Amino acid sequence: MISVPLFFYFGIFLAIVGSLATAWGPGVNDPIVRTFNTEVASIGVCLVLLCYNHVLALLTLLATTVVISLILFRAIIRLEEMGADV
Amino acid sequence: MNLMADILINVIIAFLAGSLLLGLHRKVMARVQKRPGPPIVQHLIHSLKFFFKETAIPKTVSKVFYIGIVFILALVWIVGVIAGPVAHDSLLILFGVYAVYKIVEHNSGSSSGSPYGKLSCVRAVLSAATELPLFAAIVFVYLITGTMNIGEIIAYQSAHGPLVFTIPLAALMFFMLIITKSPYSPFAITKDKALISGFETEHFGFLRGFMLFSESIAWYVMLWVFLTIFFGPLNAVGYLIGMIVISFVTGFINATTPILSPNHSVMTQITIGAICFFGTVLMIFTGVVA
Amino acid sequence: MEFFVSIIAIALMVIGAFGIIFLKRPLDKIIMFTILDAGFVLAVVLFKYLDVAMFAALVDPLSTLVFILAVVKVNDIRKNKLESGDIND
Amino acid sequence: MDFVTLGGNLLGTIPLGDIVLYLTPFNLFLFAVLLGFTLLIALSKPETQIEATMHTLNNTEVKVGPKEFKQRRFLSIICGLASAGAMITGDLFNFTLFMALVGILNIGIVSAVKQTSVLNSAFNYGLIAMMCSLPLFGGASIILAATGTLSLAVLSQMPASPMVVFGAVLMLIGILGESGVAPFFASKAEMFRTAGSPFIVIIHLSSLFIIVRAVEILLLVLW
Amino acid sequence: MLDYMIYLLTFAAGLILGLVYSYKQHGEPFVANTEFNMPFAAVSILGWCLAFDSGNVILSAIGFLMGGFVMGERPGYGRKETAVGLIIAIVLYFLLRWTV
Amino acid sequence: MRIGVLWNKLADPKNIPRLFAFSLGIILIIGLIVPMALNPDQLYVRPAPQEQIDEGLAIAPYDRGGEVLSQPGIINPQYPDNAASLGMITGYMSPLAQWISSISPYFGTSIYSSPGGLVDEILYYTRGFDTILESSILMMSFIIASWLSVNYTMNRKNDESEIREDVKKAISDSTKVAREVKANDAKARAKQLRRDN
Amino acid sequence: MVFIPPYVPDAFLSMYLPAIYAGLIVGFIGTMAIALKREEIHILILTDIVGLAMIFVVSAVGTDLAEALILPGLVVELAETLAISEILLTREMRKIEQNPRRNLQKTSSMFPQPFALNMEILNTAPNFIALVLIGYGIFLTGFTGGAVAGGGIVFYALSKKARGLPVLMLDGIAGVSGIAWCLWILGFLLFFVAPQYWLLSLFLAACGLLLKVASKVGLIGLLMREDFDKE
C-alpha cells in the first residue's frame, strides 16, 4: 500500500513552492527562468490530480503544459528578437 | 380597458409629461443661473419640430444601425412604459430596458463615424458603472419586499409604509441614477458639451425627433419607477407633484455643479454607490431595517 | 518496498524542484527538470497507472526539447545583442 | 428563491442532459434583444471613422478592411449567439463557460485592428479574462462542493451557507472583471476607440446583459 | 387614464397657443414685464378654477387649455397671472372640499 | 494622495489587470477564514482513491460496472429522466479496449476513455453542452491567433525587403545612434568578458 | 463489488480542505505577484499560476464531475494563452512598425531568424515519438486524445526543417477542425433526438472532438516552427 496522503501533501507543497518560486524566486526577472519555475508548480498539481485519481485530467495537463510552455517561450523569444520592452 | 389603447394612452402621457418635465427642468436651471430660459413647452415643441425637418444621412455611417438604433431606442422605452405603468411587471425587465438603453446610447454614437459620437460612445462604456448602484437598489427593494413585481411592491408599501423610510440609502442610489440621466448633470459625460451633442450629434431630422421622443418617455418612466418603488401607492396628483419636485431638485443640482471628467464621474458614482450599499447592508444586519 | 520507492520518488522530485529553482545556468535547470520528471514518473508507476507513466515518459523528452530549443535560441539572441552593442549592459 | 418571483412565470425548458435551459419573460426579453442585435450585426456594414489630422487641414479616414471585416463579423455573430445562450442557461458552470467564451470573443473582435492603444487594452483585458477563469470556475466549483449541484433550479431551493456566499462573491468578482465594470472599466473602455461600430456594440451589449443575468443568478443562488 | 391624457394634451396645446400668441403681440427683445394684465388674469383664474374644480372632463380640459394659454406666454409675461390663477383655484378647491 | 489622482490612475488600462489581481488575491485570502467543508452528497461520486486499483480491477480507476452493449453502468446524474440512454456509454468498451483490458490490469485510464467511459459520458452526454462551449472557446482563440499570425505576425509578404529597409533607415538616418552603438560596443564587450570569467 | 459509493468517501472529505486551501494560497501568490509586477510578459507567465490554482479548486471536489470539468478547463487555459500572447506580439510589432526609427535596433528583427543548432534527437526521434503519441491519442479519443495527439503533431512539426508559414496547410487544418466541430454538434444533438443511436453519437462526438483538438494543437506546432528553426 502506498501512502496517498504523503503524495497529496507533497504535491501541495511542490505547487506552493513552485508558485512562490515563480513569483519571487531567484533570477525570475528573466522570463525564461520564470517559465521554468511554473513547471515545478505544474508537477505539484499533477501529483494532486494523481492522488485524486483524476487520471485523464492528469494526461491532459501533461500535454497542455508542454504546449503552454512552448507558446510562452515563443512569445518571449519573439519579443526578445524584436527588442521590445515589455 | 383595451390593452392596446391603454398602452397608447400611457405612451402619449409619458411623452407629454416627460417633455414638459424636461422643459421645466431646463427652466429651473435657467432661473438658478439668472437667465430667463426658454418656455416650459419648448422641449415639446423641439421634439415635434424635428419630425418635420429634412433628414440627412451622413456618408460615413453604418446605415443599418444608424437608422435602426433610433427605432430600437423608441421601442425599448415603450417596452419600459408597458412593463412599468401599464402592466406592473417585473423590475428586472425594467432593468433590462435600462441596459438596452445604454447600448443604444453607445451605438448611436459609434455608428455615425463622427469623432464626437465616438467619444460619447466610449464614455457610454465607461459609465456602465451606473448600472451597479441601480442593481444594488433593486436588490435591496427585493430583499425587503421579497418580490420583484411592481404591483406586489406597491401592495407591500400600502401595508408597511413607503420604502424610502425603510431603505433611504437605496433610494439615494436610485436618485443618483436619475441625476445621472437628467440633462446637464455632473455625471452626464456622454452628453458633455465638449462633444457637441454627444451620441446625438449626427442624427438629424426625424431621427433626432425619435430620440427626443424617447428621451422624454425615459425621463417619465424613470421618475415613475422611482416614485412607485420608494414612495408607495400614489394617485395621479401625487405622481405629478413628485415628478415636479424631482425635476426641480435635479434642476437645482445640475445648475450648480460642473460636469466631472469621465473617470472621476464614474468613480464618484461607484463610490457613492458603494457607501450606500454597505450602509444599507449594515442597516439590515444591525436590525435598523425590519 | 513501496515506501522506499515513494521516498526515492519524493527525494528525486525535491532535488529536481529545488534544483530548478536555485541553480543559475539554464542548462542545469533543464537537467534538474529531467530529474523532477523522473521522480514524477516513478510516482505514477507507484500508483500503478502504467499507461500514464508511459505517456509521461514520452512527454518528458518533448518538454526537455522545447526547453533546450528555447534556451539555446534566447542565448543566441542575447549574445547577438551584446556583441552588437544594442544593449548597454 | 425560485425563477417565478424573479423573472415571471416559467414559459418552458429545454432539457439537454444535466443542463436545462429555461425561459421566463425576463430571460426571453434579454434573449430576444440579443438575437435581434446579432441579426442587425450580420446585416450591417461598418462605418467610416473620420478624424482630423494633426498639423494639416485634412481628415483621416479609418476604415475596416475587407479581410478584417469578415473575421470581425464572424466573431461578433458568434459573440452575440454566445451571450444569447448565457441569457437562458440554467446551469451555473454553463453560465461561466458562456462568459469565458464571450470574454475571448471580445478580445478577438478588436484583435485585428491597427491602433496600438486598442491592442494594448485588448491585451490587458485578455489578461483579466485569463485570470477570471479562477474566480469563475473556482467559484462555481466551490458552490458545487457546498451544495452538491450545479443546476440553478435546485440551487434556488437551497439555503445559503457561508461557503456558498464565498463562492458567489468569487463569481461576482469574476463577472465584474470579465464584463469590465466598476473600477475595472478602463481596460474595456479603451477597446472601443476603433472603427467598426456594428462589431464593437456587441462587446458592450454582451457585457451589460451578462451583468443583468448574473444578478439574477446570484439572487437565485443566494436566496 | 384617458382623462389625464386629454388634460395633458389640452394643456400642452394651450401652452403652445399662448406662446405663439404672445410672440405675435410682443416682438421685442426680452423684458421682464412687471405690469399686471387684467384680461389674462381673468382667463387664468377662470381656466385653473375650471380645471381643478369643475369635476367634468370636458370643462376641465377647457380649463387646462385656458390655464396653459396664460402660463405658456413667452418668458417674462404671464407669470403673475398664472400665480394668481393657481392660488385662487387651489384655495377654491380646498374650500369646496371642506365645505361640501 | 488626493482621490482624484487615484481615480486617474484607474483610467490607465495597464494598471487594471494588476488592480484586478490585487482585489482577487484579497478575496482569495479571505477565503481562508470562511468555514469550508465538502458536502458528501454529490453527483457522480467516485470510489476512494486507489480503491479500485488495489482491488485489481482491469479498468481501474474508471470501472463503474455495466456490461458492454447490454447493461448500463451505474451513474448518478442530476436529471436522469433527461438522458434516455444513461449509463450505456459508461458501460461501453470498444473491441480494442476489451482486448487490452484482458491482457493487463494497468491500462484502465486508456481503456476507459477510448471512446466511452464515465468521463466521456459526462463530457458528451449529460453535460455535453459544456463541452460544446469549451471546444468553441478553443476554436475561437485559435481563429484569433491563426488569423493574426497568417495575416500579420507571420506574414512573409511584409517581411524581408521592407523590414530590412526599415532597419537600414533607422541606422543610417541617425549618425548619433551609430556613434552610440560603437561606443557601447566596446563597453559591452568588456562587460561580456568580465562576465565570462 | 460496489462500483460507486452513495456518498463521497471519507478520504476525499478529508482531502478537500487542504486542497482548496492550497488552491487559494497558490492563487493568492499568483495574483499578488501579478499585482506587484509591471512587465507584461511576466504577467502573462504568472497567469499560468492562477490557472493552476483554478485546477486545484475544481479538482478538490473529487467526483467524476469535477474531473469532467477540469479537462476542458485546461484546454481553455491553453487557448487563451495562445490568443493573448499573439495579441501581445501583434501589439509590439505594430508599435515598431509605426515608429521604426526609435524602436528597431540593429540586431532586432520583426521576423524569427534561424539559428544554428544541431541535435541528434531532432533528426532521429521525432518520427517515432510523434507516431506513438498520435497513435495513443487516437486510441484515447476526446479531449485528452486530442491534446496527446496534438502534442505529437507539435513535436513532429517542430523537428521539420522547412521554413515559411504553410498558409495552405493552415487553411486545410482549419477546414478539418470546422468539419470536426460539426460532427461533434451532430453527435451531441443525436443523443437527445435519437437516443437509440447512442453508440453512433458517441463515436461522432469523440472523433469530432479528437480531430478538433488535435488539429488545433497541431496548428501551434506549425506556427512555432518558424521560431525554433535551424539554419
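Each chain gets a letter, A, B, C, D, E, F and G, in the order it is written, and its residues are counted from 1.
The criterion applied here is as follows: contacts are C-beta pairs under 8 Å (C-beta built on N, C-alpha and C of every residue); 3 or more make two chains touch, one makes a residue touch a chain.
The structure displayed is predicted, hence computed values, not measured ones.
Asker: What is the set of chains touching both chain E and chain F?
Answerer: Looking at chain F and chain E together, the chains touching each of them are B.
Asker: Highest contact-pair count belongs to which two chains?
Answerer: F-G
Asker: What chain lies farthest away from chain E once each centre is taken as the mean of the Cα atoms?
Answerer: The most distant chain relative to chain E turns out to be C.
Asker: Where the centres are mean C-alpha positions, what is the separation of chain C from chain E, in Å?
Answerer: Taking the mean C-alpha position of each chain, the two centres sit 90 Å apart.
Asker: Between chain E and chain G, what is the separation of their C-alpha centroids in Å?
Answerer: 75
Asker: Hey, how far is the Cα centre of chain B from the one of chain F, in Å?
Answerer: The separation of the two C-alpha centroids amounts to 43 Å.
Asker: Just the number, please: Cα centre separation of chain F and chain G in whole Å.
Answerer: One centre to the other, that is 6 Å.
Asker: At least two partner chains per residue is the criterion; list those residues in chain G.
Answerer: As it turns out, chain G has residues touching two or more other chains at 11-12, 16, 20, 25, 27, 30-32, 34, 40, 43-44, 50, 53, 60-62, 65-67, 69, 71, 73, 75-83, 86-90, 93, 95, 104-110, 136, 140, 143-144, 148, 151, 154, 191-192, 223, 227-228.
Asker: Among the residues of chain C, which ones contact at least 2 other chains?
Answerer: 47, 49, 52, 55, 59, 62, 66, 69-70, 73, 77, 81, 84, 86
Asker: By the touch rule stated above, which residues of chain A touch at least two different other chains?
Answerer: Correct list: 1-2, 4, 51-52, 55-56, 59, 63, 66, 70, 76-78, 81, 83.
Asker: All pairs of touching chains, please: list them by chain label.
Answerer: Contact pairs between chains: A-C, A-F, A-G, B-D, B-E, B-F, C-F, C-G, D-F, D-G, F-G.
Asker: Show me the residue ranges of chain G that touch chain D in the complex, using the header's touch definition.
Answerer: Result: residues 16, 20, 23, 27, 31, 34, 40, 43-44, 47, 50-51, 53-54, 57-58, 60-61, 65-66, 69, 73, 76-77, 79-81, 83-84, 86-88, 90-91, 94-95, 98, 191-192 of chain G touch chain D.
Asker: Spell out the part of chain B that touches chain E in their complex, as residue ranges.
Answerer: 1, 6, 9-10, 12-13, 16-17, 20, 36-41, 44-45, 236
Asker: Flag every residue of chain F that touches chain C in the complex, lowest number first.
Answerer: Residues of chain F touching chain C: 50, 53, 104, 106-110, 181-189, 191-192.
Asker: Within the complex, which stretch of chain F touches chain A?
Answerer: 46, 49-50, 54, 61-62, 108-109, 113, 119, 153
Asker: Sort out for me which residues of chain A touch chain G in the complex.
Answerer: Contact set of chain A toward chain G: 4-5, 8-9, 12, 15-16, 19-20, 22-24, 28, 31, 34-35, 38, 41-42, 45, 48-49, 51-52, 54, 56-57, 59-61, 63-64, 66-68, 70-72, 74-79, 81-84, 86.
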